[in-house]
Amino acid sequence: MAKIDKAIKDIHTADNTSERNNSVHPVSWLLVTIIYIIAVVSFQKYNIAGLAGMVLYILIQCMWHEISIKDMIKRIWPVFLLTVLVGIANPLFDRTVSAGVLSMATLILKGIFCVTASYILFTHMGIRQICYALRILHFPKELVTILLLMHRYLIVLLKELERMQLAYKLRAPGQRGLHFKTWGSFVGLLLLRSIDRAGEVYDSMQLRGFNGTFQVFPERYNTVRSVAYAAVWCIAILALRIFPVFEMMEAAIWRILNLGV
Amino acid sequence: MADIELRGVNFSYQKGRQVLHDINISVEHGKTIGLIGANGAGKSTLLKLLVGLITDYEGIIEVLGQPVEKKNLSDIRKKTGYVFQDSDSQLFMSTVYEDVAFGPRNYGYSEEIVQKKVMEALCKVHIENLKDRQIYRMSGGQKKLASIATILSMEPEIVLFDEPTIALDPKNRRNLIGILNSMPETKIIASHDLDMILDTCEETVLLSEGRIVCQGKTKDILKNKELLEKHDMELPLCMQDRRTNE
Amino acid sequence: MHMADALLSPAVAGTMYACSALTAGYSVHKIRLENDEKKIPVMGVMGAFVFAAQMINFSIPGTGSSGHLCGSMMLSAILGPEAGFLTMIGVLMVQCLLFADGGLLALGANIWNMAFYGCFIGGMVIWKYMMRNGMSRRKIMAASILGCIMMLQLGAFSVTLETLASGITELPFGIFLAAMQPIHLAIGLVEGLITAAVLIFLYEVRPELLWNYHETGEKKSRLSYKGVIAVLAISAVVIGGLLSLFVSSNPDGLEWSVKQVTGTTELESKGGIYVLADRIQSVTSLLPDYTWKEGNSAGGTTFSGIIGGIVVVVLCIAVCLIIRFFRCRFGDKGNNGKD
């Protein structure tokens, strides 16, 4: 139940936030996020100092767009656990224990940064923006149509499922999940309803001249802002990737202190 | 010539289970016809036959002078709108605008004309303000109006309604009846809501177990308590009231 | 299980994107050839269905825990492998882009691990092969279980390979594999049982919805129970044998996995793992490219793999029998069974 509620809430959040700020082209967003993730992932496994500099992107984005830290931590948690699980063996098997700890910390940081970057993207793209971006990137029309329809019927089916589960729970108190004797019929019924629904949807499309795929129509974005956004961030991310900002800052501070003395 | 003409139509989903028997209906241009009958009487099937969602029937069906056959379907569907019982099946795009624009776009109109048509359709059902609303966030009444707008944007000559007032609250139902009465198109309304039929249709066809039992002036049919009860229906509420008052 | 971005290097992620994109391209091509307008809306709604079905908790009898569905095998048994694959891509993309579940970079790998094997191995090879002479409940049961186990074993194996190839973890191949495969055997079994239950329900209610269903073919021949067991046994032996060759770098791995499956939890104590780890560490740290450890005859481990395979087969058959027993005993009262 809670999971379904959360999914429905997520869809609402995505739609809300994407309606708010849509002057930057979705392809710019996608590009910057992917470059950031590749930059983060490409760090050497002991280069924690360099990697730490990548936090700047996240900090600036969060402050700029007022992204809730609380929601973000909820997102990070599962990936944090996963990376810890995979990395936990590093201290045992790496060259030395300290090298292992270092590589584990790098892995965990990478995990956190990547999820956060994806989350920032998620707060800026609704389904319309995503489909529009995918069409520009020449994704097959069929796939974009599937995505649009999926988004439309997610909530319908999730609510259907919620009702079915409630009806089930009210008659089977104290059960943790679905009893195995009802696996087939419960999911099967949901499946049949979905297929029937699909048939009706298809009828409705047919009656309005459907010819195989949807057309996604251009939306208006601010070109200058979009290009500027992508350019500035790409340069900044590459700079962060190449120069160990924190080490350089430390060195600079020492130099200034030395000069002062 | 009649807009819709059915002569001797028989239909069965499976062999031996006939759904419609010898249906003869003729609907003049601009008329509104009510289609009433108990659950499973064949109302929805009849509507589906008219737009060619089902094609393997026997007899003659002509819509706007064209027989309902595979080769004429795109022409007929362009001029015939079908409002589904479940708005969630009718509205499959994410926002109202996208959905109402779906039909005109598929018929290849330019984006300006599409926009004009969409706005006109939305104005006709008074939901201009819902243009950019996500569909899953709308109430049942709003969805019904939006699904009518998706049909109106294609500027049809005939509109078919399958249970339009189902699951609407009294206010939305009133509003819908007003809109139905303001539409100049030829209409067929299939429903159990006999009060609504009384308010919107001059003529009515009573179906029972796939046969036309009675066809004529709405007032005459809906007054006939015996006839209605024989075919598993009741008098419209307004007439029941009048009786008790008398 | 979704892969996270952090577990992949850009090169590996790119490779997996390329593999998935190629398969997707092939599938789109196939779908276009079919030229069935109705298929696209069905795929969209089915995608939403899979998404919803993944949220259901299935309580696993006798364990107190609950299982979940991935759905690619089920999808390809209904829509066919190509359409199933595209639909799963849709599901994974929505999860990735709209829910920030599973990373952007890892999307290619996730599509490969979670959709490819289920649709093309489970659907195109196993389902199609076993249903070629018509369907029956037993065949659906066997194909679903076999398909799902294969799909999750191969998926888990890919996750291991991808992670190791990315140089993320220092965990030796064998240990990693030994941790992944047995868990996914259990997950696969549960997935298989759920898939089988749903598909059998569908078969009884509306069989025409299943992929490759021909009404006439049904009476022609029925795969005997023995035949099903033979297919199951042979595939399990082959998989077990092959896998154990891979696991041969760490002979303890398979033993451990077998123990996990059979339920005797005589897991080595912490000290044991440390000693083991020490031993392996001495090898791995010398050789940056991890090579097969010498001194293990491939024959010996293959033998132990076959024993593992036999255990799997026995387990599958036992579960089939148990379900059959329950169906005969209680099921037939409730549903108007065809069988």
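In order of appearance the chains are A, B and C, and numbering begins at 1 in each one.
Keep in mind that, in the parts below, a contact is a pair of C-beta atoms (placed from the backbone, for glycine too) under 8 Å apart; a residue touches a chain by one contact, two chains touch by 3 or more.
Quick caveat, the model's predicted, so the values are computed rather than measured.
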Label of the chain whose CA centroid is most distant from the centroid of chain B: C
Contact pairs, highest-scoring chain pair: A-C
Approximate Å spacing (C-alpha centroids) for the pair chain A, chain B: 44
Whole-Å separation of chain centres (CA-atom averages), chain B against chain C: 48
Chain centre separation (chain A, chain C; CA means) in Å: 25
Chain A, residues touching no fewer than two other chains: 127, 148-149, 151-153, 156, 197, 201, 205-206, 210-211
Touching two or more other chains - residues of chain C: 41
Numbers and ranges of chain B residues touching at least 2 other chains: 92
Interface residues, chain A side, partner chain C - complex: 3-4, 7, 10-11, 14, 33-34, 37-38, 40-42, 45, 75, 79, 82-83, 86-87, 89-90, 92-95, 100, 103, 107-108, 110-111, 113-115, 117-119, 121-122, 125, 127, 130, 140, 142-143, 145-154, 156-158, 160-161, 165, 175-181, 183-188, 190-192, 194-195, 197-199, 201-202, 205-206, 210-213
Of chain B, residues touching chain A in the complex: 48, 51, 53, 74, 77-78, 80-82, 84, 86, 88-95, 101-103, 105-107, 111, 134-137, 150, 154
Residue ranges of chain C touching chain A (in the complex, touch as defined): 4-10, 13, 24-25, 28, 31-32, 37-38, 40-49, 51-53, 55-61, 64, 66-67, 69, 78, 86-87, 89-91, 93-94, 96-100, 103-105, 163, 167-172, 175, 193-194, 196-198, 200-202, 205-206, 209, 274, 277, 280-281, 284-285, 326, 330-331, 335
List of chain A residues in touch with chain B within their complex: 12, 15, 127-128, 148-149, 151-153, 155-156, 197, 200-201, 203-211, 214-215, 217
